[in-house]
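Input: structures, listed below.
Below are two complexes that have chain A in common, paired first with chain B and then with chain C.
== the complex of A and B ==
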């Protein structure tokens, strides 16, 4: 694999699947340049599930989509940063990562669906209504596993069959598959595809996978469609699965089951998962670590239980306080006052300072970087900085009362 | 994996995707036929096609060119019901029944050729414009705009007039005029469809652009083209009849527009049949395809449902 010169890597390299460094994604709008993602950095470790949480418009989906270069350019621009990605081989041999933002298109196609897979928000929209479930799941095998499809032949399969396994057959060849001598090898290939697709579907615990295979998306329920999406995503056993709010469009009762399914398959396949969600209570159940995003920046990142028990960033505290709980029924729901700031040509300031009850003058002048200070996990807030670090007087720093979130 | 495989039921269903397509076709047909006006349209279309196919059986083909009206100078201006001339004759001894029957054949040939070519050309041009976008899109669509700015009848008239009166030139003129509609429809559809999440989903699998177009974009875009093609099967005959009525087809051609123009002089003298009957055929043809096309749209295009 060719990789553009990578930045100096830390010792943890071997166990990382992906590492986002100072990612910046901008969109040109009529009103100006929108900094949707503005200097985001985080790592995804092997086998872990990382939750990227934040409210609508904070840039979490844009971050996730940039892993597969799905941002439309224009109006979008990859304005800076890197997304390093280590495939299974690279991790085992200690090889160097590729920069997903730089790899050539042909290599990107090989990564998509094979190394990095993605599940979309609305399974109703993410399946092609004109193709049967079999055809849609089989597509992954045709793209990335054509050699698997030709497993177990005595000698080399006929050339047309090899072409068919890579979905490169023309119309006339398909006609030839209906008559001898190609009919029986074509049937064999077909059966092989059926078996692989059936297995992939069965793994998602979809009832009656052989019957589902011949169905069309409109004949399935939302939960079943999402299972099909998961089957498609995990068919090639990817290193990284990106789940962009995979349960938002589903019934609450189905949500939990789909989440459990993703968790179960993740553990079985040793896949890393990047989980995008705005639903903290769901994320809490299945993510090992959580990164809280706000207005194109990461506010705080850490182990799920740490973030939930001891939120550091004022925004995280507000978010957690806003989760309705059965303990205090009635009563008003907690909200964070104010709205998300304009992301068009942002000023150097803490993005949250207009809504933060702890904010001082300093927060309006200086953008807090995401740094890990001794004894603390990474958090982007001046409240954790020492006066010396910023070269200001101690009373200029916001005073966060750490006992009362 | 083992337990998953065990849960799987025995592979019993022999129905492949093809079987499903056939089944879906059956469903669509059933739904189309539920609407009585569509059924009427379909029945008329079927009878017209049957008539066109059986033309040599119903009437004896003229030699050497069957599409030329036979002339019976011994029977001029005979009213309908005359033995040997069931629908009467024209002022030049042409048998109206012969014109009606072979005119259906002419119309069928015309509409199949024109719709076939324009649909393919329009789909290709519209696909290139919509799928590639950018400058290519601009160039193609400006050309389409220019062609659309000129009324189709006038434009076809101009082309046919320049090339000289012949039915082949009418076909050519209509082809030049009618493809733009398809280009426009398919471009709009493709731009709409290509922003669907399943297209992203196909990209995420690692599919190539051409494959995405072939499997994800085009199949989900063609429905309105099919509907438009059905409607155009009717419209084209109407426009062609207009062009031949004003004399842009060869004289004596077994074509409804030509017959109407041949018979129009006799209307004031009470000889209504020579122009009214072929005129009614044009009407029936256009009506039938419009009824059927509308019904087809109701079934295929969910957005117009309940309208």
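== the complex of A and C ==
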């Protein structure tokens, strides 16, 4: 495992690619309103990889999908907050960001797959079984790079060809591409697309990309399919890549190679990456910073090394202790007692207090905000608050011993 | 190319299936009644009956009888239709063409309408358009075809007079030649727009009647499979690529939703052939329907065997087309076999 180590980023000098502020996403269920994401805030800086970790159902995937507005509405609602996004141009010129939750649908489509791309958990499900790899990767170019497809044409290409390059052709036009006089320009467009698709696939070190192009998803292995997904996601050189558990569905032997590939391409393309994962050891190797999520909230956020060496939040401590390692002797695996709380119509309280061994009465009635206190990174726990801050007696605060993670 | 090999392989199997079909048709004919029943009368003496049996070769062994019949079929001799008092082969082509025209027309109605409505409803699951489509589809599947035919006749023929019954206006029928027996095709061959319009006009009511049930089934299937496909990850992945919703629906979801629907379409064609008997009788359509009904009632074996053989072939060909479309939509099929 030799993933290239990234230089630690200083939060002050790097510019932001995206900034999530107080994001709230609710789902209407029969039992009531499910607060899947409940006031989440974090920044993603230029060129960094941020890991969003947490157990299943903590809202990490929902957070990730909301970047591309892929939450089905209804039953979901974007109940509040903003996701600011700075494209490359905006960052270079110091322009203002767009709010991904507010932009009109047409602008959202220009961002999807172009400025922000996404890799899905199970490549076997995220590729369409009925379309060839070529067709699926080509779609991205047709959608976002139609001018590139018509590059090097003498004069203006015929109108049907221009329409085809923007994938606006009707069925009749497709028939016309099979006969002269449109046949040879159509072939030329096709060749150009093939070249671009081939290059995109070759970048992910797929052996024999020209052959892979003509195959269908069921003919490829899981690792190959994920490479195709990566090729498709990075085809337009996005500013931000969202990787939603990109290796969960893959064989353990391939996981590391895929992670290395993403890391390598990230450095080459200067792309920021938001990793969604429940696998702490994986995230540790690959991410510059980590945000730990619990029950729709961020518990703690900071540099990967710091979080691992000195976890502040009791949940993070439990999570790290639960990682089985080779150093452990055979025997009981560490667990966090209790279960994840119901997220339906939650009370104002620390979400973790029912499972937290440090919890006091205060934790059961007051929500700890995610704040950075002097000398500490942002953490949402009353244990780091001063009695004055909350206006309570010192003995009401949970007492965390800092040296025993 | 794989798909071409698949088609060739399927076409090569076809003759074998036909031989099997002919065996079944022949056996059913022997099991299901007396082959000379239509020629027998109460006044006949045993000698006369034996004479007829001798003439039709009924004293030969069954394999000999089968080969005599199958040989005849290959030579274009399907026997003599007692109901029509004419050789089957003289009547069959025209009747078959009429039935074919009707069932293909209603298949076109059912497939295009069914897929369009199913897509429309599936993309709007549990909203008003979906509920309305459901009402249409369930009533389509539940309405008896003879009742629906009569209702349409009363409204559009008797009261409004918008559509005619029968197959063609006599003077228009006389004006062009009919080499194929499919009137729409004949009109196009003759280049006569009047005849073509007339053929279509006569076709609409029976085709709609016959197609309604199949439309309902296809709509329901398309709707539920599209709604299911829309929950798949690849649909979100397509959206994440920035594709407009129109393409997400048409290129991604609908294509996959068509796979189960196409199977239903193949089976539905049998349903159409079955319904055509009733529809032909009600709309005075000179197809195989009425002829068949009479033949069955009076035990006209030669006609029944010819009918079963030809509808089986029709069904086989339709299902071959369905399988090829299926393989085109779902490449995993080609790989599997």
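One rule holds in what follows: the second predicted complex is superposed on the first by the 391 of 405 C-alpha atoms of A that agree within 3 Å, B and C clash if a C-alpha of one lies under 4 Å from a C-alpha of the other, contacts with A are read in each partner's own complex, and residues count from 1 in each chain.
The rule is short, and it goes like this: contacts are C-beta pairs under 8 Å (C-beta built on N, C-alpha and C of every residue); 3 or more make two chains touch, one makes a residue touch a chain.
Note that the structure is predicted; figures quoted are calculated from it, not measured.
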Partners on chain A (chain B, chain C) - clash or fit: clash
Touch count on chain A, higher of chain B and chain C: B
Which superposed partner A:117 touches (first chain B, second chain C, both, neither): both
Partner chain(s) touched by A:194 [first = chain B, second = chain C, both, neither]: first
Which of chain B and chain C A:218 touches, first, second, both or neither: second
Chain B versus chain C as contact partner of A:202, first or second or both or neither: first
Which of chain B and chain C A:60 touches, first, second, both or neither: neither
Partner chain in contact with A:210 - chain B first, chain C second, else both or neither: first
Partner chain(s) touched by A:127 [first = chain B, second = chain C, both, neither]: both
Partner chain in contact with A:227 - chain B first, chain C second, else both or neither: neither
Stretch of chain C penetrating chain B in the combined three-chain arrangement, among 3-11, 57-65 or 183-191: 3-11
Residues of chain A contacting chain B in one complex and chain C in the other: 68, 70, 109-114, 117-118, 120-122, 125-131, 139-140, 143-144, 167, 216, 229, 232
List of chain C residues in touch with chain A within their complex: 232-234, 236-244, 247, 251-252, 255-256, 259, 329-332, 335
Chain C-facing residues of chain A, complex: 65, 68, 70, 109-114, 117-118, 120-122, 125-131, 139-140, 143-144, 167, 216, 218-219, 229, 232
Contact footprint of chain B on chain A as seen in their complex: 68, 70, 109-114, 117-118, 120-122, 125-132, 134-135, 139-140, 143-144, 167, 194, 198-199, 202-203, 205, 208-211, 214, 216, 229, 232
Contact footprint of chain A on chain B as seen in their complex: 1, 4-5, 7-9, 11-13, 15-17, 19-20, 24, 196-198, 200-208, 211, 215-216, 219-220
